[in-house]
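Chain IDs A, B and C follow the sequence of writing; residue 1 opens each chain.
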Amino acid sequence: MVEILMSRRVAQIVCAVFGVLLFLLFFSNHPTAKAVTLTVTTQYWQVIAAFALIVGAVSFMRVNFKSMSRKQDAPFRAVGLLGMVAMPILALGWGIGGSSPFLWVFENIQAPMQSTVFALLAFFVASASLRGFRARSVPAAILLLAAVVMLLSRSWFESTTSNILMVTSDWLRNYPSMAARRAILIGIGLGSLTTSLRLIVGIERTWLGGNK
Amino acid sequence: MKKLESRHWAFLGLAVVVVATMLLNFEPKLDISPEAKRMHSFIDSLPAGSIVMVSFDHEASALPEIKPLALAFLRHAFSKGHRLVGIALMAEGTAVGYRLMDQAAAEYNKRYGVDYAFLGFQPQIIAAILSMGESIKQTFPRDYSGHEYDSLPMLREIRKLSDISAVVSIADGNLATHWIEYGRARFNVTVAAFVTAVMVTSYDPYVSSGQLRAMVGGLRGAAEYEKLIGIGGAGRRAMLAQAASHLYVLALILVGNVIYFASRARKGRG
Amino acid sequence: MDIGTIIAGLLTLAILSFLYRDNPVYKFAEYLLVGVSIGYALVIAWKSAMMDLLLTPLFGQGDWSLVLPLMLGLMMFGRFHAKTNFISRIPLAVLIGSGAGAAVPAMLGPRILTQVSGSVVPLVGNNGLPDWSGIVVLVGVLSTLAYFFFSREHRGPLGVASRIGTWFLMIFFGTTFGYTVMSRMSTFIGRAEFLLTDFLHLTR
């Protein structure tokens, strides 16, 4: 009985039901429709997503314990696991607001490191500019020229040159660049639309996994 | 010690350029872009006391850009007498938003629950927007600090997204797009955005079509906005260093291309 | 200088040490970051979604309609073992179906139709002269779409349109690259300011 309920067919039906429901609810302002939207989004969607996050955290622990048992970077993985476990303990013990240790760890350990990891990219961009950014062809030269104009326009200060650079770069951004981005957006929109419809109708089934 | 390669010299050069210009402690004069003026006019145009939702839709990695942008907006909004409801649709934006709202509110003697409130985080972005469209209280029964929704006087005035004058998304990714495609399309809410520089070109089509009312991007945008509202800030302080780093990158591109074309010419002759 | 600033400064330098080469100090910082980030996200999501939307209304206020979402959430734990993986299909179906259904009107209206209508603008200005910016936008959108049309070989008029589309794409990539450089430099400048001002007290 359990296997029938959890079968691929039933899962597809559930997917289709929720898909059609959310699609139709978009168009209705009826109080019942609004109540159903609220129920589906807050009680089902959000709650299941929160459980999915817990699944992710547990998977992280399992992967690290397995690697530690194989002596792969064991001390470092222990540090990671300690960090992960420490945060809920700090939150439970001292809360998550005001001058709590939880926020202190975020502000003095997590945020500085996270922004520094991204700051490393500045150096890699500089290195790539020296070693890789070549005007090998006409399209590459166009790319390079657009980038040069953009960078120069944001590097000059109050002057006639600055005005000219800014007008040029703004025109490039607001017209030809925007047009290309718009076409990409339309393309992505068409792709997302067809994928969504395929998921609802049941043509796209890769998310179901193997077996029955 | 490992021998330094060419990339190490490029790294070192960048570090020297940035550190040297920062030590100069000099603020150059900025031109203000039309985008910054547009955002400034938009916030100015809202009647005093308007309730604006500010959504911290970013990760901690973008803090060096996000913090000046967010602070400039919060200061401007508070100085105009607007009331702010803060939320976060990315987990890391929660702690950042909580702190920044308190910091800006203290500068303008704003009271929590009356002039501003911070509701916290909800994990599923689209579900959060759709549910706020029907009921903000049921999406956030309690604020970040645990106060019941109705216990805060300001929040009793707003039941759903359409009660809000505008949503300002402070984003380092494409979350402002979700506000446009779900919040604006379904509930007619006005959306504006402060974004990191890397996302600016991605949002241009939405600005052009009017779906995004205004957009300010990057540290330069923050500096321009700080200048418009007449305050100093991290954006303005960074402008010389930023200009120098750009010129450094341009110089590296030039050197790289000169070497490339010179070696190509030599191969052609040889 | 408080202990938090000292720790933040040292960890910043630990991450920056990667620029020289991968080393144990960087590795320690990296693993610590990953662990703390996951722990942080867990706490925030637990407080906002689990406590406020599920556990408090269910066990604190007796809202028994939440029993089904609770069961669906617990079924997600079926993913921990290959033999029980099939149990997680139903809650996944709810997530995927809801997302897909909500996406259809979002893609159709704001993403496709509004963007298309934004491209169709008057090509002649009020003064009777061509509006070159509008023409550029229309040509740009159409030619870039032609570039991404792979159902036919890019020959003849489609080939010409596709080549023009390539140039528009190059302009887009160039402007995006320029802004990306700005963004990355800003991030480093922010960290440099922290190190110089708060950590080393070399600037105001």
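Before moving on, here are some points about what is shown:
FYI, a residue touches a chain if its C-beta (ideal position, glycine included) is under 8 Å from a C-beta of that chain, and two chains touch if they have at least 3 such contacts.
Everything numeric here is computed off the predicted structure, so don't read it as measured data.
Each step here moves to a touching chain, and the least such steps from chain A to chain B number 1. When the interfaces A-C and B-C are ranked by C-beta pairs in contact, the top one is A-C.
The distance from the centre of chain B to the centre of chain C, with each centre set as the mean of the Cα atoms, comes to 14 Å. Chain geometry summary: the mean Cα position of chain A and that of chain C are 4 Å apart. The residues of chain A that reach two or more other chains are 26, 41-42, 45-46, 49-50, 53, 96, 106-107, 110, 114-115, 117-119, 122-123, 125, 129, 144, 147-148, 151, 154, 173-174, 177-178, 181-182, 185, listed in rising order. For chain C, residues touching at least two other chains, in rising order: 19, 37, 40-41, 44-45, 47, 49, 53, 98-99, 102-103, 105, 107, 111, 115, 118, 137, 172, 175-176, 179-182, 184-185, 187-188, 190-191. Listed for chain B are residues 11, 14-15, 61-64, 92, 95, 122-123, 127, 130, 186, 200-202, 205, 208, 220, 242, 245-246, 249, each touching two or more other chains. On the chain B side of its complex with chain A, the touching residues are 6-7, 10-11, 13-15, 28-31, 33-34, 59-64, 92, 95-96, 98-99, 122-124, 127-128, 130-131, 133-135, 138-139, 144-146, 186, 200-202, 204-205, 208, 220, 239, 242-250, 252-253, 255-257, 260. Across the interface of their complex, chain A is touched by residues 4-5, 7-9, 11-12, 14-16, 18-19, 27-47, 49-50, 53-54, 65-66, 69-70, 72-74, 76-77, 79-80, 85-87, 89-105, 107-108, 111-112, 115-116, 118-119, 133, 136-142, 144-145, 148, 165-182, 184-185, 187-188, 190-191, 194 of chain C.
By the touch criterion stated above, chain A contacts chain B in their complex at residues 26, 34-35, 37-38, 41-42, 45-46, 49-50, 53, 96-97, 103, 106-107, 110-111, 114-115, 117-119, 122-123, 125-127, 129-136, 144, 147-148, 151-152, 154-158, 162-163, 166, 170, 173-174, 177-178, 181-182, 185. Across the complex, chain A meets chain C through its residues 3, 5-8, 10-12, 14-23, 26-27, 39-60, 62, 73, 76-77, 79-88, 91, 96, 102, 104-110, 112-123, 125, 129, 139-140, 142-151, 154, 169, 171-190, 192-193, 195-197, 199-200, 207-209, 211-212.
Every residue of chain C that touches chain B in the complex is listed here, in rising order: 19-21, 37, 40-41, 44-45, 47-49, 52-53, 56-57, 98-99, 102-103, 105-107, 109-111, 114-115, 117-118, 137, 172, 175-176, 179-193, 196, 202-204.
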